[in-house]
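Both complexes below contain subunit A, partnered by subunit B and then by subunit C.
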Partner chain A sequence: MCLENFSSQVVERHNKPEIEAQTTKEALLTPVQISRNENEKVLVEPSINSIRISIKIKQADDLERILCATFTRFLMMRAENFVVLRRKAIKGYDISFLITNFHTEQMYKHKLVDFIIQFMEEVDKEISEMKLSINARARIVAESYLQQFS
Partner chain B sequence: MEALAGPRPADIPAVVKQLPHFQLDILMKFVYRGMAFPELYNSSVLLTWHEKVTEVTGLGSIVRVMSDRLTV
Partner chain C sequence: MILLEERNRILEETFRERFSRPVEEAERIFLTLHDFDGVSYLVETKESKSIVLFSMSMKCYPELRQYGADNVLVREYGSLFQATPEPGFEVTLRIDEVALAGQDTEELVKKLALLKRNALAAPFEAAFYAQSQGQQTNIMTVNYRDQEAIYVMGFPDRVTVIFSTVFNEEADQIFGRVFLQEFVDARRQPAIQNAPQVLYSAREPPLELRGLRLSDAENIGYVTFVLFPRHFTPGPIREETISRIQLFRDYLHYHIKASKAYMHSRMRARVESFLKVLNRAKPEKPEDQKEKKTIAGKTFKR
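Moving on, here comes the complex of A and B:
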């Protein structure tokens, strides 16, 4: 994660994350995709002053898809509190992080990496927890409702 | 790319050991290119290759994949 400051070459006195602006092709490195299978992949797009990491979370069925979409939307709406979270995920992925050289200057790089790993682990845990609680609640509601017909 | 799926998982370390370093970099480029299309190539085999190559070359080869202008 070697990011250095890089002022925009297109507009004077501007300093944009090159991976988002994509104005100068020399500042961009080759994007790298790591996939375990078709449903789980991570796209890492590096550039001279920023990195964009997009993750596709494994979703096995419709319920998990809805849960995942709602949960990630909840997180992304509060992206300001997470600092490195991107407000919109890249097309084809569920969640995206944007790390700029300013972040690496203020925070430890290995801690940023640890944060992302821990974040994703917690998201996975929360989604499976929510799925279990939904199923349990649905079962209780259905039972008590159908009781009156038995 | 079919050549990468050829050797059995036990033979991969032997293949990796006898390749010179610049060829290991090119091998990593192929591994990452293959992972970009998970529906066409078997990702678990590619992950095994990736692990074995990183054991030999370390993180440098991954950085070289990203920064090299010549892509596969």
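Moving on, here comes the complex of A and C:
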């Protein structure tokens, strides 16, 4: 994550994250996609002053799909608090981060990387836990109701 | 509180409080309240301070009347039941407190709180009676909510109750499917092997209802309960079963919404913990930018 300041070459006195503006092709580096399988992948798109990381979270069935969608919506609504989060995910992915050189100047780089890695682990764990708790609740609800008839 | 109650607590307490005071102290009352499934009640003193008119508005009552609801209510409330209800309502009970004075009113209070349950009991009682005679009934339809209905059918050896329920949001639909799947599977447990069999169909109406040409939209589900004679032996068991079955749809949706709320609060907590982790990435302000105070109290930045 070596990012350095880069003023816009297109518009004077502007400083935009090049990966979002995509105006100067020579400022963009090669994107890298790391996939575990069809359903889980991470796309890393670097450029000279910014880097965009998009994650697709594992969603095996309808319930996980809904939980994942709600969860990412919660996070993206609070993107201002999160600073490095993007308000909309890139097409084909569930959530995206945008890290600019300003962020790396203000925050510790290794901690940022830690955060992203921890995020990926926790999201999977949280979604599985929620699915389990819904199934447990459903079982209790059904049992309580049907027990009345016995 | 996992289970819903079939009696209306507000009604029960209103009447209990009212009857416990002596008739001479009776006051005017004008109370409107609502119950599940779009039912509303009005308790008012129109003619005099000691005559209470208790009316219920229930859109599906004409259908219930076809299945004998009037008879059920006459049986339960005797002379209180009025043949012509108040305008705007479907059922009215006229309670004369002077006539009640001195009697034990606890039974009556409990019965009054069950007015909705008793009205809705009519098709069930009809089906149970037919089954005990070894006959089959037609499909009895009760459109108790806007887009949802209960279908009751009696067969010689069992009674089938089918609910059609609408899930307004996609999340509701998916949660509903998970919950209903558990209902279907619950009988594997030894403790509840005697419970009625539950069947669930996501969009297709079940075979018994094919003749009615019902909707099979994406967000509709059909739940079938198969009740055997042991579930409705006359007496307390039958009364309990009728009460429980009526509340099924509200019970299901109540728990779906409770689960959604729980999920939301969990997610909110998780989001906060992420934020805390991220803030660890921000270093403390370096020494030279911190504000410092002198002994005299002046602050300056070094």
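To be clear about the criterion, the second predicted complex is superposed on the first by the 145 of 150 C-alpha atoms of A that agree within 3 Å, B and C clash if a C-alpha of one lies under 4 Å from a C-alpha of the other, contacts with A are read in each partner's own complex, and residues count from 1 in each chain.
By definition in this document, a residue touches a chain if its C-beta (ideal position, glycine included) is under 8 Å from a C-beta of that chain, and two chains touch if they have at least 3 such contacts.
These numbers come from a predicted model, not from an experiment.
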Discussion item. In the overlaid three-chain picture, which partner chain does A:P46 touch, first (subunit B) or second (subunit C), both, or neither?
Written reply: first
Worksheet item: If you stack the two complexes on chain A, which partner ends up touching A:S35: first (subunit B), second (subunit C), both, or neither?
Response: first
Worksheet entry | subunit B versus subunit C, judged by how many residues of subunit A each one touches | C
Discussion item. Considering only the defined contacts, which subunit C positions touch subunit A in the complex?
Written reply: 2-3, 170-171, 174-175, 177-179, 181-183, 185-187, 189, 191-192, 194-196, 198, 231, 240-241, 244, 248, 251, 255, 259, 262-264, 266-268, 270-271, 274-275, 277-278, 280-283
Worksheet, complete the sentence: Counting only contacts in the complex, subunit B reaches subunit A at residues 32, 35-36, 38-39, 43-44, 47, 62, 65-68, 71
Worksheet entry | subunit C-facing residues of subunit A, complex | 62-63, 66-67, 70-71, 74-75, 78, 81-84, 106-108, 111-112, 114-115, 118-119, 122, 126, 130, 133-135, 137-150
Worksheet, complete the sentence: In their shared complex, subunit B is touched by residues of subunit A numbered 29-30, 32-38, 41, 44, 46
